[in-house]
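Before anything else, here is the set of structures, which you'll find just below.
Heads up, the next two complexes both have chain A, just with different partners, chain B and then chain C.
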Partner chain A sequence: MATVEELKLRVRELENELIKCKQKQCAMEDALHRPKIDKMSAEVVDSNPYSRLMALKRMGVVEDYEKIRTFTVAVVGVGGVGSVTAEMLTRCGIGKLLLFDYDKVELANMNRLFFQPHQAGLSKVEAAELTLRNINPDVLFETHNYNITTMENFTHFMDRISHGGLEEGSPVDLVLSCVDNFEARMAINTACNELGQIWMESGVSENAVSGHIQLIIPGETACFACAPPLVVAANIDEKTLKREGVCAASLPTTMGVVAGLLVQNVLKYLLKFGSVSYYLGYNAMQDFFPTMAMKANPQCNDRHCRRQQEEYNKKEAQRPKVEVVEVEEDVVHEDNEWGIELVSETTDADLQAASGTMPDLPEGITVAYTIPAAQDTTNGETVEETEQSLEDLMAQMRKL
Partner chain B sequence: MADEATRKAVSQIPLLKTHAGPRDRALWPQRLKEEYQALIRFVEQNKAADNDWFRLESNADGTRWTGTCWFIHELLRYEFRLEFDIPVTYPDTAPEVAVPELDGKTAKMYRGGKICLTEHFAPLWARNAPRFGLAHLMALGLGPWLAVEVPDLISKGLVVHKEQQREAAE
Partner chain C sequence: MATVEELKLRVRELENELIKCKQKQCAMEDALHRPKIDKMSAEVVDSNPYSRLMALKRMGVVEDYEKIRTFTVAVVGVGGVGSVTAEMLTRCGIGKLLLFDYDKVELANMNRLFFQPHQAGLSKVEAAELTLRNINPDVLFETHNYNITTMENFTHFMDRISHGGLEEGSPVDLVLSCVDNFEARMAINTACNELGQIWMESGVSENAVSGHIQLIIPGETACFACAPPLVVAANIDEKTLKREGVCAASLPTTMGVVAGLLVQNVLKYLLKFGSVSYYLGYNAMQDFFPTMAMKANPQCNDRHCRRQQEEYNKKEAQRPKVEVVEVEEDVVHEDNEWGIELVSETTDADLQAASGTMPDLPEGITVAYTIPAAQDTTNGETVEETEQSLEDLMAQMRKL
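Take a look at the complex of A and B:
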């Protein structure tokens, strides 16, 4: 006899099955599936989905637009920013997209772009693939519905980053972090440092009025563990910001802007036009866009980051010295008509108790928190050496 | 920041020594032993202070933890199941504790029943990594969360005491 729990689970399974069937049927009904296109054409006709993109070549903005079809991009997190990012890359005709997300589409997501109410209940990666394939059948998709931060999944994630390229076995060209939490960002950072994989990080603040994008080249630019998270000063008095009863706010506008900034940077990086931003912030309250670049921290906690730095420094030392154009981003604003200033996320008491050094950052960018330079040496008792085995301890815990 | 009682409880939890996450095959078992030592001490302290409020246990390799936590409100005991995975980036990042049965009942929660910690928790954890362990996560993360959320959920009728529920059904 099945238990209520089992039956509930079964109902849920069947519901999911039904949603998928409906989805497939819808897709079949309304899809005027255009055939795949072998070669991008620059011909300006109504039926050519790439004509306006190829015009970038004629105008001299991009040298070789077709090259976009040779690239593979992994999008981690297919939420408010990631889904729009994936759609933009799909419309641009990217070669292959890998999508990672463990979440389902919910009606609570409908204040954001891309997903539609009838997709509620489907996994985000599955729903995204159906929509995106419909928009552009030339793109190859690979989806993974799991949480990358757990042991098994992380191993698989690393494997797909290093082998999931267009030509199976080759690494992806770029990883985009569109996740909404620190753990997942750190997991991506760990993977990319180990693999030497270039990636871009993106984020929107929990109050929905600021965001940022950041290019991370392991060993060269600061990784995500090199410094406390960089955030855009929102210029809202923390004391007036009410956090009672809510976790996070979100706006389709801010997320759309950040996704746009991110994909713009991706296109510039992949197709080699314009200048690629290392860090670009967006302060929605004042419409202020601070930029900066930050070198990797030789004392970074991540040993693979330090290893990548050694390799990078070796390579740099071997390179014939050409005039080094060091763009030291020392932005000085004569006037400050918007009254933008650094706003600390912590209380004054906290700062006094453990004031860490504030890195030298341009106006409008700050760190989420500071960390004391030298960990206040072991004041406080530590665990004692024990003769007990792990099994003994587990048993002891169970008996409590 | 945490209140005085929490500060005191935390100061009595022994700090951990081994900086190792679950991907570090050589050192993780040592870290896991330290986690259990600190947890056992914390539970014993709670019992001694007549404030026993959670139990935790892990799978054999210590990557998945499950347990129960309870909260006494107006002399009634409310018990909840809790669970979390150890992320690959532990102990540099804290695990995300979930109380699945409260999913959808409070806004201070992310999907899947993951509790939403205060803005103070992340800096506190980062400043004390890798010396903070799971016992600290319980004391500074889940404990204060339950203390704020459970009375609120009870007052809204979203959490009902199991026996009262039974009586109401009869």
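Take a look at the complex of A and C:
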């Protein structure tokens, strides 16, 4: 039988051990957080997380880097491209990030950057927010764990795009599409056309060796409904693929490159340096990077797109003509019935040279990008991204 | 005064609390680890971290993806490019990684991907190994926390490159240079020329808006001493910069893109798919990607390079001539005294169009890449990467 003295000793021992255990836990938690920083400093000390970014001013690349803190960006889709996109923006010190995704982290995602095995089972937006907040507590985060394509969520999504800016009530500055299916891209397109919201599209092919980014300015450049989508990932949802026991391939390299090119163009757009690409492709097999630009289509199916075009044309017409003559800037290209003008910076020979061989695919998977038929979006024809000219695509569309 | 009963109750309470605390700690530690996987599976289940990589076989992109586990890659420099490079290779399931760096993680590194604030103070190789091992415990890691340019370390570095393969005693399959200074690049070049070790170079300019990767096959393509280095980061070490209160700019975007392009070419080289780029540049201001190839220089200063060239030429001469005539494949280009042949896939107009404006820089910092003078490497002339043709560079060299 224990004496009072022995028991007292044991209490003291246990108390000490418990204190040590709690201290270690606190240290583990503390270690995950750095204090917030009020004002970006250019001071060159090891402890300043912004010194290398502020150096862009001294280097003459960016005029006012601090302005990054005034911007809000919405990232739709926090997968292989979206998560890295969000991390890059977070490390650059963006003001606010809105993250939208309804998926969970799985071990099957570990072949791409960002998520870690211990996050398996968490929702992607929840896991991302935790990691990103630790990386940079100066950024504001707003996450939405839902599918934007359902009616109710779509309304909420529209509301957050138009009111979720840094100053509540103001719109976001840019929407980034990092989704992996046609419906979600179309939902973003519809929302941005209605709101006149500038956005950037991104995508990676299902064989993992090509990708693209695209800038969409409603009314000015071709929207997603304007053009036969050169750039839509095949319209088969993840669940169907899983049920069939097949899945799309993916690589951390291709997704990292696409995210890097996307965020680089976001920085150029927001901070006004360099030139922003309208469309930039990445063919990993050949290290080939096609670029082009497409004007909006006056016959676009989306009425909000047509409305935005009218507004844009009105504004353009009102602009005082300072220069000699703006050469045919607003003239609709008459060569094809869609009125789309393709301004390719690469030659046909380049495009030909860059088109890879067509892999032999299992049923239900298409290589790169599909042209969905007008009504039936589940049965699109497959087109290798850089293999066909716009003329070819038009000919195909006519046949449908 | 406490009774025996009270003390006993307190002991039980404390014991329970301590158990809970320890359980939570164990859970936190357990969560960081997934079990090792013996054999890569293509099974499409959420718990398989390799399903999306093995899908590359079904997609017809890679013939034998599992072969990735037989390769060893050495990454020299675990900074903005090297850390992401190591992470991509780890997530791709590479067999073994050797990491070399002598720097510590600082908050000032947080504007690039990979390292997190709580790792500040740890050595880069130590922090990287911990993170990478959690991401993929199937990869073998060997880390060296030293500067490869000192005599003793250089000898050890040579030894590990030639004996640190997956099967101890065998050489590594590829060396990747992800360093940020001229001396370290030259050390890697010297080692690889002596060993006949194929390697890839990478670099990012000090204004953060351009970068490149380059494949170097000793004896066959131009080594680092063969050509006026078009692609060397300015020869000013980090410490000097810090002392002067200035630092180079860097961006997670540019470094992520360069790492992505680098590892994509590593995968193409090791797994034999697509075509590997000899030199691929990235101009972020214009989204322009120049490519070229350079042959080894018979007058190279490095005697091991000249020896490798002799061996290569002997082997080439012995190869049975199957095809009609190999058009001038081994003929030394006579137009310049360095015997370097530049095979540019971009036009002069493209190059001209891609050259950005020269920023106004503080003393001690140069924009992109320097040509070190033969003896005095501290006073190189600055050349914008894509602004000058090889002819111009040759003319400059002649003047020196």
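As a working rule, the second predicted complex is superposed on the first by the 275 of 400 C-alpha atoms of A that agree within 3 Å, B and C clash if a C-alpha of one lies under 4 Å from a C-alpha of the other, contacts with A are read in each partner's own complex, and residues count from 1 in each chain.
Definition applied: contacts are C-beta pairs under 8 Å (C-beta built on N, C-alpha and C of every residue); 3 or more make two chains touch, one makes a residue touch a chain.
If you're wondering where the values come from, they're calculated on a predicted model, not measured in any experiment.
By the touch criterion defined above, A:C247 reaches both chain B and chain C. Residue contacts after overlaying the shared chain place A:E183 against chain B, while chain C stays out of touching range.
Of the two partner chains placed by the overlay, neither chain B nor chain C lies in contact with A:A317. Of the two partner chains placed by superposition, only chain B is touched by A:F154; chain C is not. In the superposed pair of complexes, A:A225 makes contact with chain B only, with no contact to chain C. Judged by the touch definition given at the top, the superposed model places A:E106 against both chain B and chain C. Shared interface residues of chain A (contacting chain B in one complex, chain C in the other): 106, 245-248, 356. Interface of chain B with chain A (complex): residues 1, 11, 14-17, 22-23, 29, 32-34, 36-41, 43-44, 47, 55-58, 63, 85-89, 92-96, 107-111, 116, 118-120, 122-123, 126-127, 131. By the touch rule above, chain A contacts chain B in their complex via residues 103-104, 106, 147, 149-151, 154, 181-183, 186-187, 190, 225, 228, 243, 245-248, 301, 345-347, 349-350, 354, 356, 368-372, 375, 378, 380-384, 386, 388-390, 393-394, 396-398, 400.
Touching chain A in their complex are the following residues of chain C: 2, 4, 7-8, 10-11, 14-15, 17-18, 21-22, 24-25, 28, 31-34, 44-53, 55-56, 58-61, 84, 87-88, 91-93, 106-108, 110-113, 116-118, 120, 134-136, 206-209, 241-242, 245-254, 256-257, 259-261, 263-265, 267-268, 273-275, 277, 280, 284-287, 289, 291, 356-357, 359-362, 365, 367.
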